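Report on the following structure.
The chains carry the letters A, B, C and D, assigned in the order they are written, with residues numbered from 1 in each.
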Amino acid sequence: MSGNTFGHAFRVTTFGESHGVAIGCVVDGCPPAIPIDLAAIQTALSRRRPGQSKLVTPRQEADAVECLSGLDLESGRSLGTPIALVVRNADQRSTSYADWHHIYRPSHADWTYDAKYGLRAWQGGGRASARETTARVAAGALAEQVLQARFPGLQVVAWVERVHQLDASAAIEAATVSRDMVDAHPTRVPDAAMAQRIEEAILAAKAKGESLGGVVRLQIRGVPPGLGDPVFDKLDAQLAAAMMSLPAVKGVEIGSGFEAVEMTGSEHNDPFRWEDGNLVTTSNRSGGIQGGISNGMPIDLRVAFKPTATVLKPQSSANDEGENVPLQAKGRHDPCVLPRAVPIVEAMASLVLVDAFLRQRGQVGDPWPGLKANGD
Amino acid sequence: MSGNTFGHAFRVTTFGESHGVAIGCVVDGCPPAIPIDLAAIQTALSRRRPGQSKLVTPRQEADAVECLSGLDLESGRSLGTPIALVVRNADQRSTSYADWHHIYRPSHADWTYDAKYGLRAWQGGGRASARETTARVAAGALAEQVLQARFPGLQVVAWVERVHQLDASAAIEAATVSRDMVDAHPTRVPDAAMAQRIEEAILAAKAKGESLGGVVRLQIRGVPPGLGDPVFDKLDAQLAAAMMSLPAVKGVEIGSGFEAVEMTGSEHNDPFRWEDGNLVTTSNRSGGIQGGISNGMPIDLRVAFKPTATVLKPQSSANDEGENVPLQAKGRHDPCVLPRAVPIVEAMASLVLVDAFLRQRGQVGDPWPGLKANGD
Amino acid sequence: MSGNTFGHAFRVTTFGESHGVAIGCVVDGCPPAIPIDLAAIQTALSRRRPGQSKLVTPRQEADAVECLSGLDLESGRSLGTPIALVVRNADQRSTSYADWHHIYRPSHADWTYDAKYGLRAWQGGGRASARETTARVAAGALAEQVLQARFPGLQVVAWVERVHQLDASAAIEAATVSRDMVDAHPTRVPDAAMAQRIEEAILAAKAKGESLGGVVRLQIRGVPPGLGDPVFDKLDAQLAAAMMSLPAVKGVEIGSGFEAVEMTGSEHNDPFRWEDGNLVTTSNRSGGIQGGISNGMPIDLRVAFKPTATVLKPQSSANDEGENVPLQAKGRHDPCVLPRAVPIVEAMASLVLVDAFLRQRGQVGDPWPGLKANGD
Amino acid sequence: MSGNTFGHAFRVTTFGESHGVAIGCVVDGCPPAIPIDLAAIQTALSRRRPGQSKLVTPRQEADAVECLSGLDLESGRSLGTPIALVVRNADQRSTSYADWHHIYRPSHADWTYDAKYGLRAWQGGGRASARETTARVAAGALAEQVLQARFPGLQVVAWVERVHQLDASAAIEAATVSRDMVDAHPTRVPDAAMAQRIEEAILAAKAKGESLGGVVRLQIRGVPPGLGDPVFDKLDAQLAAAMMSLPAVKGVEIGSGFEAVEMTGSEHNDPFRWEDGNLVTTSNRSGGIQGGISNGMPIDLRVAFKPTATVLKPQSSANDEGENVPLQAKGRHDPCVLPRAVPIVEAMASLVLVDAFLRQRGQVGDPWPGLKANGD
């Protein structure tokens, strides 16, 4: 009800303010007896961690995860009980925010939190900080392990497709991108030439105290057909909510997205074709989802991130005493969140999928009809 | 869990197949003692009704709504108990679908329902049919009444901004569009010249057995600041899910949307300013939502609809016996769903808002801080 | 949130006032492809129906159920989509309640509904009427079919064990009671001699305008081990809530119940024993549930119903204008609800079990470890 | 879905195994700006703490609570965001359980966890241990603070009414019992003479390696009328579930409970009466709840606890290899959980009430009709 829980069958509840004691999550509904690799969760956190390159915020956080519950003490397997994961905050420096206690920073959530609750954790943005996504990444890494225990061929891969005016989409063959290719460059653009140009653009923006937005592309391969619940909990609706719930996201597209508008129906339809006993579509404008249910083709998504609101330039703003005041931000600054957004987008996708899988297994059983038809 | 319920505090559960006995919904959580205008619900249904113009499907449905429960028999006021609304199906003609019993129509949900459940209501698409949205419109009209009982200045207005290559956005001043302006033309494009051109394009597509997609724009004015729950249930995340849960939607943008990517942070930020005791932003790239919470500015949304999958042209497809077969659709055909999508988009928006309002009242009380600050 | 939905995976939402247009429910989450026997649902409703004997209220209702959705039109199998079931009200006679419009009847819900909502459906008690349980029985009969499709040996059997001072427990061997035995007498006491005495007691109370309470006993046999979620959703907690949510219930016991207090730990513990590859307990004071999870032994429950509040005797009461006034009830009167409570208790038990089954299948899969161990 | 969350508007998710790293909870939905007294939460934990007297288990746990999130760093007020509370386990001694790794202890949850999940945290019972209630007490103490911020006159008071054959109910005037009276004796029996006799009985059982059950009585005074949702979420249904979800509980009664069966309707009905502008009942067999909604009278509840399953006597049992084996428990032993159950029962009651309050405020607003009528 208060929005800090995600999922129905695999439920993740996150907690923690940016400058509080800790960030964490409780995962309820994890299937039992699954070997949990805490090191893999730590690796996922490191991909999201601040300070990992000169392209992102220098806040220093080891983001070491501690598991408080839910694992068998001997085997490390999941017990089926809640798994609590906690990351303590280290480099909080809340003094650097002291000047902003009473100012509403433009396009931040300062004013809206005050409007909603009457107070806010003004140090570092509280829950509105991207630091909250630490817990999502930890939970998502867990979700991915649960998914792969059942669907070893499933791949959740995101990358930076565009930053500001630099669009790398033409240079990247989406079907072949791997996480290794993505992580080969700190920009997480899986094309060396474009990665280089984008890095330069980010550093130039950083030097000017500016910030840049961009597009993250997500592909999920090896998705079994039949996931997603029709009507309100369509798989695409849940993915859209998952992505739009991330800080700085302003748009989401599935498959053809807004380009669908430029086609007629017969241009846009994806023809079906049986191939080796599997039903495939010979194009994928549907983005792997039809009627809200996965059809077995890759799920294909684009997420638009605005340039982050913190810029080190003078801005006009207002304070909580009814005055219009100038604002000059100081301190740490993340010129482009896109590289760090990649593991977060993947985490949210894994959370959506694992929930859809457990819901499907609950209502229909496992294997379900589409798995049989696919020879899975 | 199975996806047929929307909302947490104002919960709508819909039921009914396109060619079954009836379509309907149960609304649980409606506040008590609110005068319910069933005629206004009927009016909303008529705006969504098939057969209302030559631009849409000729299926003949009066869509007369019957209320089975939840209203005081004498005063017509809500009792606070579940309100069940039912619309019986009339013109089902399922024989016209008989040929398709075993064929998976391209870009429909035939295959995915079979993959998920092992059977499907193949007559008219069952729950995947846009007919399911009848229940959403009824519930949304109820939601709007609840909202306006508390916020008389709230306006939820959607319109067709674009169809296929014809983009009317430059011709329309979003801030001034009213429902009357929208309904002045059967295309629901609130600009006479563009409406005329778009009508011609739709009729041309109809003549060719083609279908066209487009963009619906939504503006919600008079929104109180403070609605929406941070983190997973951000107001924009819920709106995105609501819209992406509609048939044929492929993309959603809030505020600046994908155009945000083209700006730097200082270009994109919305400066705050106190005006007459209200905190406003002097631009609205945030689309009325910051940190997932309404900031009091108009909520601004764009929804991309693909061209509908039913086209009266030969297509290559597959059947449920592993054969690749040609398909030639016959029968009724909706060349462009955009005009009918307008009241559906409005309904979903109202459902999101009323739920956010009741959740806010539950956690924080009413009035909440932002309402006081706004002099409400 | 507003309490008209039961269950998480198999979700039942009921609607309808006693004297409104109809009573009904929507079941979301029903597994697909299950043959649904609407006649069996009608039979269950007839067991709950008023007017079925001289022992119960003479209100005349055929309680004919109509299914609006969720079934395959050809095969009658469940589609996996919401199943809406509706029973129209016929014999409403709301004029007979007109005198009570402004009086709060003792131990009814008149005052509390007014206190909560500010208005109420005063005709016949609205949602607080036992008529609401019609929808529960319909949904429960559906649930039972889903359960038996997977667990053919499962038996849900309830009976009247006691009415007022007449306790039939010593005369009844709980392990052998069948529905046929229960339905052999209109009292639903499965012992002929006690049934006769209890019938006389009820008729004597009826003649005096009095009402009598009693105890319903429930046994569920053939329950697979492993159902129920630990901590808050223990199977016994859910059964207790299900029963306590019925009108007139004041107490619930599982297994030994309040008698547990009279034993020491070593007297109360149920020894385990392997028998033919199944783990059993040689006594069943646990009532088939340990740590909130079914252990494979029969679930054993007792539910105490108070005497219903409607008595045809003068009472002192109060009205909604602050006056203390006498009340003399007239009209229909149910001297003892116990016989009709039997199918309602069974329905609630089936709803709890089917939900637990689907939740277990979702989180752990099917078969789960306890089913294997049991050779199921 | 997996049963570790309680409540809808004020949602508590607990985590932690008895012998794992920590026990804790996350509370989502707490209203903002409420001064939170962490010391009072610690005090509540100390009332539940093991080792507090010779009457209970000697496990040594300081149960020091740490708050990880959700409070304003300066004022200590709630932020409206999730509040995470953690208690680290200290005295785990899991070696003392090593013998039991493969044995199913009678009337414990060893077998059922294995049957459900295929593995279990066998050290100390994992989640089935009463240690899990630590988190409930912390959350309940928080809930109580939220309740009292709005309803300063609300009192939630539980006590031990009976242990084994010793029934103190006749010696205790329920309406006047306070927490101080309850805590005056380690048995938590608020009558000195009966407390003394009960202490002796517990010590005698302890000496014999036996355990004793009993009855906890709960009274909640100053409850506003109008709380509780009709139909499935009746206030009494939620209280019953809350209590039955506690380890060792076998029965729950509201108001007259099973004794209701011995009365006729006119004997059982509670007459209404206006007194000083408040509507009261001149008896309280309803236990403060009518039609599932609070009527403003004290809520009155009895909870039956079985004697705990751990006894230091030889028992016959079975292991996980299909063998019937003897069991001789050693180690720590809690001869009577009743004294420690008192704060747990209070905590669950507070959780039910605060959820009902926030749900009521959400749907109806605050004040609601019953509060006005009561002059609140």
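Things worth noting here:
Going forward, contacts are C-beta pairs under 8 Å (C-beta built on N, C-alpha and C of every residue); 3 or more make two chains touch, one makes a residue touch a chain.
All of these numbers come straight from a predicted model, not from anything done at the bench.
The most distant chain from chain A, with centres taken as the mean of CA atoms, is C. Chain pairs B-D and A-D differ in how many C-beta pairs are in contact, and the one with more is A-D. Measuring from the averaged C-alpha position of chain A to that of chain B gives a distance of 26 Å.
Rounded to whole angstrom, the centroid-to-centroid distance between chain B and chain D, based on C-alpha atoms, equals 45 Å.
Distance between chain centres (mean CA atoms), chain A to chain D: 39 Å. In chain A, the residues touching two or more other chains are 1-5, 8-9, 14, 29, 32, 80-81, 116-118, 127, 230, 359, 362-364. For chain C in complex with chain A, the residues that touch the partner chain are 1, 8-9, 29-32, 80-81, 230, 358-359, 361-366. For chain A in complex with chain D, the residues that touch the partner chain are 1-5, 8-9, 11, 13-17, 19-24, 26, 28-29, 32-33, 66-73, 75, 77, 79-84, 86, 94, 116-121, 123, 126-127. Against chain D, in their complex, chain C makes its touches with residues 1-6, 8-9, 14, 104, 106-109, 111-118, 127-128, 132, 162, 164-165, 205, 210-215, 225-234, 236-245, 247, 249-258, 260-274, 277, 279, 281, 285-287, 289-296, 304-311, 313, 315-318, 322-324, 359-360, 362-364, 368-370, 373.
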